[in-house]
Amino acid sequence: MHNLTLSDELSMIQDTVRKLVQDVVDPAALEHDEHRQFVRPAFEALAETGLFGAAIAEEDGGAGLGLLSLVVACEELGRACGSTGRLFATQAGTAARALAGLADAADVMEAVLMGETIVGFVGLEHGVAAVLDGAAASVDGTARFVTGAGEAGLLLVAAATADGPVLCAVDPSACAIEGHAHGLGYRAAAPAQVVFAHAAGRVLASGADAEAAIARAGIATDIGAAALAAGSAFASVELGRRHTAERIAFGKPLAKQQAVGHKLVEGLRRAEAARQLAYQAARVADAGGDAAGLAAMARLTAVDAAVHAADESIQVHGGFGYTVEYHVERHYRDAKTLEVLDGGACAVRDVLAARLGALA
Amino acid sequence: MHNLTLSDELSMIQDTVRKLVQDVVDPAALEHDEHRQFVRPAFEALAETGLFGAAIAEEDGGAGLGLLSLVVACEELGRACGSTGRLFATQAGTAARALAGLADAADVMEAVLMGETIVGFVGLEHGVAAVLDGAAASVDGTARFVTGAGEAGLLLVAAATADGPVLCAVDPSACAIEGHAHGLGYRAAAPAQVVFAHAAGRVLASGADAEAAIARAGIATDIGAAALAAGSAFASVELGRRHTAERIAFGKPLAKQQAVGHKLVEGLRRAEAARQLAYQAARVADAGGDAAGLAAMARLTAVDAAVHAADESIQVHGGFGYTVEYHVERHYRDAKTLEVLDGGACAVRDVLAARLGALA
Amino acid sequence: MTETLDGTTPQFVDFQLSDTLTAFQAECRDFAERELAPHAAAWERNHEFPTDAIRKAAELGYLRITTPVEYGGTALGNLASCIMLEELNAACPSAGVTISVHNSLCCSLLANWGSEAQKQAYFPKLVSGEWLGAYCLSEAGSGSDAAALVCAARDDGDAWVLDGPKLWITTGSEAGLFLVFARTGEDRIKGISAFLVERNDPGVGIGKKERKLGLTASPTVEILLENVRIPKDRLLGEVGRGFNIALDTLDGGRLGIASQALGIARAAHDLIRDHLRTLVDAKGRPNAHQAAQWELADLAADIDAYRLLTWRAAVLRDSKLPCGAKASMAKLKCSQLANRAARAAVSILGESGLVGPAEKLLRDARITEIYEGATDIQRLVIAREVLGD
Amino acid sequence: MTETLDGTTPQFVDFQLSDTLTAFQAECRDFAERELAPHAAAWERNHEFPTDAIRKAAELGYLRITTPVEYGGTALGNLASCIMLEELNAACPSAGVTISVHNSLCCSLLANWGSEAQKQAYFPKLVSGEWLGAYCLSEAGSGSDAAALVCAARDDGDAWVLDGPKLWITTGSEAGLFLVFARTGEDRIKGISAFLVERNDPGVGIGKKERKLGLTASPTVEILLENVRIPKDRLLGEVGRGFNIALDTLDGGRLGIASQALGIARAAHDLIRDHLRTLVDAKGRPNAHQAAQWELADLAADIDAYRLLTWRAAVLRDSKLPCGAKASMAKLKCSQLANRAARAAVSILGESGLVGPAEKLLRDARITEIYEGATDIQRLVIAREVLGD
C-alpha cells in the first residue's frame, strides 16, 4: 500500500533492489551468516547498480533522490540480509551523506559512491580522539563492533579534538583491526574492533563543516537503521505468517489460533509504524528540515519492532524458529545488534529527552 | 515539524481548530468533564466553522478536503478535550462519511454537516438487528456507551438483517435512552445506552450500498480515533514536560532525571508514530486506496500511545497527576474508553489477523 | 538433609499459611464481602467516607493489628496485616487505605517512638477507632523528596508552635490524631522533628479537599496548621529525629500498599474470570477469546508471584530482619500489577467494563504507583541494595 | 494464632532454605563456577558436548537426584532439583538441560513407570552417568500437539518393531537410553505407548543435527528409528498408556526449565550489576544511568518473585500435591524473564554485550520459551485451571 508515496524513480530503485535481493542476496544470506563469510558478492552487485549515490545530490556526484531512496533500498535489504543492509546503509547513507559537499573529500566520495572501497564508519560515540597538524591527523582510541571494518579499504572517523569534532579518513592499514569472531549479529558484515594508536589520518572536515557532516551522517545512520529494521520486522512477520499458515496443530493451521494471529498483527503494526516514521524523517530531511528527532524516533521504533517481530516469529515457529534454516533467529540477532550500535538506544533517548520541548 | 505534510487548506483548518480550542474548548474542558455536562458550546462552535463537512466531497455538500482534514482537526481536539473530539469525529467522520453519496440520505447529510442535529452512531459491533418493510425498518437490540446518544437528535444505526447489514436513521425518541451516569470517560459527550424495541427506522442504504457505507464509516471512525488519541498522547507528554520542567525535587527539575525524560520520550515516540500512521491511512483513503488496514493499525497504535502517555504523565506528575486539575487523569480515562469503543482493540486485531497476507 | 517439616522432604521452605492465619484470612474476606463490597460503589460515587464500616472493622480488631498487646492491640504482625489488607482492598480500596494508614503509619510510629504517657493517652482512642490516625509529611513542595518540607515548628518556651500547611493527607478530614513532621532546624535531615497534633488543637483546620481520579471515599485533604500551639510533650521521639521516624514507616507502609494493590489486582482478575466463564459456545463449552484467556493466565501467575514476594518481606519484618529492598520489590511489582490487571479488566469486559466495577478498579489502582514512595523511588531503593551503594 | 516457627510470629509461611539445602546450593554453585563456567563459552563455540563435566556432575550425584534411593539415587526431590538446576544453568545452560532431561524426563519416568527388571537393568547405568537419557516424543509433524505423532510400534509376536524418525531430541547423539513414544493404535491418545530403546539397538541411528541459535553444546538431533526390533519387555508401562506417561513428565520438566531460565536470568542480572559497579564518577561515586539501574531493580524483583513461584510448585510436588498450573506459572514467567534479562544485559553492556557472555545468554535463553511446552501452552494450562474447565 505504501507505493502511494513512491515516485517513479523510487519505484525503480525498489524494483532494482528487489531483483538484486532475489538474485544475489537471498540465495547466500543464510550461508554467509552461518559461516561468518563477508557478503562481498552482494556488495559488489550493489556497487554495480550505482545505488551508493542514490541519496546524494547530483552536484556531489549522486542521483539526487534523497534519503527517501535510502529508506526504500534499506527496507528491501533489511528484509533479506541485515549484514548486506548494514554495509549498504553505511556506504550509501552514513558515509556518503557525511562526505556530501566537503570540498576536500571529492576523491573519497568518488571511491565511496563507486563502491571502489568498503567504508567503515567510526562515530563520535566511540570516543576516538585526534590531534591535528594541518590537514594531517594523529588518531587514538578504540572502536568496537565497527561493521565492515574487517574488510574496509577506508575508515571514516569522527574524532574529538580540543577544538571540537573533526572528520578524518584513515587507512585501515594504519590501525590494528581484529574481526569479532564470535559476535551476536551482522556476522557477514565483517564487524571488527579497530585500535587507533597514533594512526595517521587525513582531515576531511573540521569546525562547523565537521559538525554539519557528522550531524548529516547521524541522521542518515538513524534513517538507514530504521529502514533496515522495519524491513527486518516485515520479513519476520511474513516468515511467521507463511509458516503458521502451513503448520497444522490441533487440527488446524497454527495461524488460525488467535494468539498466533495477534502476535503477527502486533509485529506488523509496529513495522508499519516504523516505516511511516522512517519515510517522514526522510521527507523532512529531503525538504531541508530538521529531521534529527524524527530519525531518532524512527530508529527506536523500528529497532524495537524488529527485535519484537523476530522474537514473536521465533515463538510462532516453535522449535523450528530456534534453528538457522528458518531465518528468524538471524533477524533476531541482527536486530538486537543494531539496537546497540551507533551509541545505543539509551543514548538516543537521552538526546530526544534533551530536545523534548522542541518536539512535542 | 509535520506541517511539511499540510497543504494551505489543511493549515487553515488547523488554525481554525486551534483558535476554537483556545476560545471555547480549553476553558471548559475540566469543568464539563468533572460535572458530566454536555459540551454543547463546543459542538455549536464547531458547527459554525463548517468543519463537519471538511472531509466530505464537494458533490456531497462538503469542502472536499478528505480524511486528512479529519486527522488535522481531531488531533487538535484530542489534545484538549476527548469528549468534544469524539463528538466531532462521529459527526464529521463516521456519520458524514457513511452518508456520503447515499441518494436517499441527502436531507440527513445536510443536518449532519450543518450541525443541526447531534448524531449518535451505532456500529455493527453492538449486534443490533433490523427487519425491513420497504424503506421502513423495525430495529431491535441494545447498544451501550454510544457517545452523544444522550443528546442526539438522530441515531445512525448499522443493523443486521437476514440479507446483510443496512444503515438506518432512527429517531432517538423511538428508543429508550439512558445516560451513563458513572462511566469511565467521555463524560462530557453524553454517552448513553440505547435500547431499540421495535423502534421505527428509515432505511438509508441496503445491500452493497450499506456495506460500502458501513466500511467507509469504519475507516473514518478508526482514523478519527487515531488522530484523537495521537493528540491526547501529545498533550499528555506536553503536560508532563511542563510540569517536570518546573517541579524541583532533590535539588533539580524533575525533568532532568533520566527516568523522567525517558518516560516522556517514549510517549512522544509513540504519539509521533501514531500520527504518521493516521496521516498515511488518510492519504491512502483520500487517494482511493484500501485504507482499512492502515486505519486499524493507526487506531491501535494511537490508543496504546494515548493510554501509555497519560499513564506516564500521571506518574511524572506524582500526586498532582491523580487530581483532576492537572488534566492527565482525564486523558487517561478518555484514552482507555476509546480503546473499548467501536468494538474494542481485540476485535481490531482479529480483523487485521484475518487480512495479514494482504498487509505484510 | 535432616530438617524437614513433614518428614518426607529435605526442605524448610513452606508456602502454606498456618490454620490460624487461614481462618483470619477467611474472616477478613467475609467481613469485606459483607460490609464493604455491597457499598463500595455508592461510597465512591458519593465521595462518602465509610464511617460505619470502619467502626465495624475496629470492632473486629482490624485497627489494632500493629499495636502492642499491652496497649490493647493484637500485634498480629506484618504477615497478618498483609493478609487482612489484601482482603479489605479487594472489596474497597478507600476503606483499605484508611486502615492501612491508621495501622502502619500512625499506630506503628506511636508504638515505636511514643513515650509511655503518649501511648497511654492515645492508644485507647486509636485501637477502638474512636480516633483515626493521619500522617502529615507531604507538602506542596515536597513529595518524593520528603526532606524538602518547610512546615515550621517553633520552640516557644512551654509549647511548640507549628505553622504551615500539609498536603495530600489521607483521612485528613476524618482523623482525630495527626502525626506531623515539621522543621525545627535548618539541616535538611536533622532539622526535622515529629509531633502529635490533635484535631481539636486550636489552629488546626481542614483545607482544600483533593478532587481525585479514584479512591474518592478516602478523603485526601490539605491540613492547615496556623500557629498551632501544642504542649511540649507532644513531641514524638526527640528533636531532630523526625526524618528517622518518617523512614521507620517506610517498610510497613509499602507492605500495606503492596497488599492493597494485590487486593485490587485480585479483584480485577476475578472480574475477568467471572466474565470469561459466562462466554460459552452453542454447546455450553467455554468459548472465551484466547487473548483474554492468556491475559488471565498471565495475571494469575503474577498475582501469585508478587503475593509471595510481599509475604516474604512481611515474614522478614516479623522476624525483625532487614527487609527494605524486599518491601520495595513488593510495592513496585504489586502496584504495577494492580494497574495492569485493572486495565485488562476494562478492556476484556468491554462496554460493561466502562460503567461497572472494572472502571472503578482502574481509577483506584492508579494511586498505588504513586503514594508511599512512587515507583521510581522503589527502583532506586532496590538498585542501591543490589549495587551495594 | 498458636502455630509459630520461632515462637514470636503467628505464621507458618517461611521463605528460608534449610541449612542442608543452603549447603547443597553452595556446593552446586561451587561446582558450576569451577567446572562449567570457565569452559562454557568454548564448548558453545565449538559445539562441543561437555562430556567430562557431565561425568564430574555424575560423580557428585547430580544425575541421580530424582532416582529412588533403592536404585542408587539420592531422591532429593523437586526443590533440591530446582536449586541445583538454577546453579548449573547460571554457568552453562547446555550442561543444565542435559542434566534436567536426564533426571526429570528419563530417570523420573523409569522410576514411576518402569518394571522392577527395567529399573534394575537401567538405573545403574543412568545414576553413574555411564548412559545419559533422552526423551523421544517430538516429530516433524508434532510439537506442541504431541498426540499427533506417527512413529509406529508394531507388535511382531516376540518383539516390538519401531519405525519412524523422532525430531528435536536433546542429548540424542550422546544418550545411551531413549524413551520413545510410538503409535500402537489409531486412537489419538490411547494409541500411544512408551518404549525403552538402547543406543545400540539395530536400526537406531542419529540423523540430522540441528543448527541452533544457542545451546550449541547440547546436541539436538533427529533420532532415526528404522524397523528397530526390541524385546517385548522394553515396553514402559502398559500398551496405550504412552500419553499418560508423557504427561507425567510435564510438571518435573517444566520446573527444570523454569530453574534453567532462572539461572540464565540471574547470570544476566549479575552481568548488568557487575558492569554498573564499574561505572563511577570522578569522585568514585556510582554513576550508572538511571535507565540501567531501574532495569536492574526490575529484574532483581522479578527474579526473586519467580524463584518463589518456582519453589512453591516444587514444594507442592514434593508433597505429592497437584501442582500442574503452578508449575506452568513458573515455566511461563521464568522463561520470559530469562529472555528479558538477557536482552537487557546486551543492551546495557553495549558493544561488549555483543561479543561477550551477554550475547550467549541471549541466544541460550530463547529456547526456554519454546521447549517443555511453549509459552502459550503454559497459558492454556493456567487459564483452564483458573476458569475451572
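We just call them A, B, C and D in the order they show up, numbering each chain from 1.
In this section, a residue touches a chain if its C-beta (ideal position, glycine included) is under 8 Å from a C-beta of that chain, and two chains touch if they have at least 3 such contacts.
Computed from a predicted structure; not experimentally measured.
Of the chain pairs B-C and A-C, which one is connected by the greater count of C-beta contacts?
Answer by contact count: B-C.
For chain B, which other chain has the most distant CA centre?
Centre of mass proxy via C-alpha means gives D as farthest from chain B.
Return the distance between the CA-based centres of chain C and chain D, expressed in whole Å.
40
Averaging only over C-alpha atoms, locate the centres of chain B and chain D and give their separation in whole Å.
50
Would you give the residues of chain B that are in contact with at least 2 other chains, written as numbers and ranges?
257-259, 262, 349
Specify, in ascending order, the residues of chain C that touch 2 or more different other chains.
Within chain C, the residues that touch at least two other chains are 289-291, 294, 376, 379.
Could you list, by residue number, the parts of chain A that touch chain B in their complex?
1-2, 4-5, 234, 237-238, 241, 245, 255, 258, 261-262, 264-266, 268-269, 272-274, 276-277, 279-280, 283-284, 287, 289-291, 293-294, 297, 300-301, 349-350, 352-354, 356-357, 359-360
Can you name the residues of chain D that touch chain A in the complex?
Going through chain D, the ones touching chain A are 45, 138, 141, 143-145, 148, 167-168, 210-214, 289, 291-292, 339, 343, 346-348, 350-355, 359, 362-363, 366-367, 369-371, 374-376, 379.
Flag every residue of chain B that touches chain C in the complex, lowest number first.
Residues 34, 144-145, 180, 182-185, 191, 248-250, 257, 259, 307, 311, 314-315, 318-319, 321-325, 329, 332-333, 336-337, 339-341, 344-346, 349.
For chain D, which residues count as touching chain C in their complex?
1-4, 6, 8-21, 24, 76-77, 79-80, 273, 276-277, 286, 288, 290, 293-294, 296-298, 300-302, 304-306, 308-309, 311-312, 315-316, 318-319, 325-326, 328-329, 332-333, 376, 378-383, 386-389
Quick check on the complex: what are the chain D residues that touch chain B?
Of all residues in chain D, those touching chain B are 289-291, 294.
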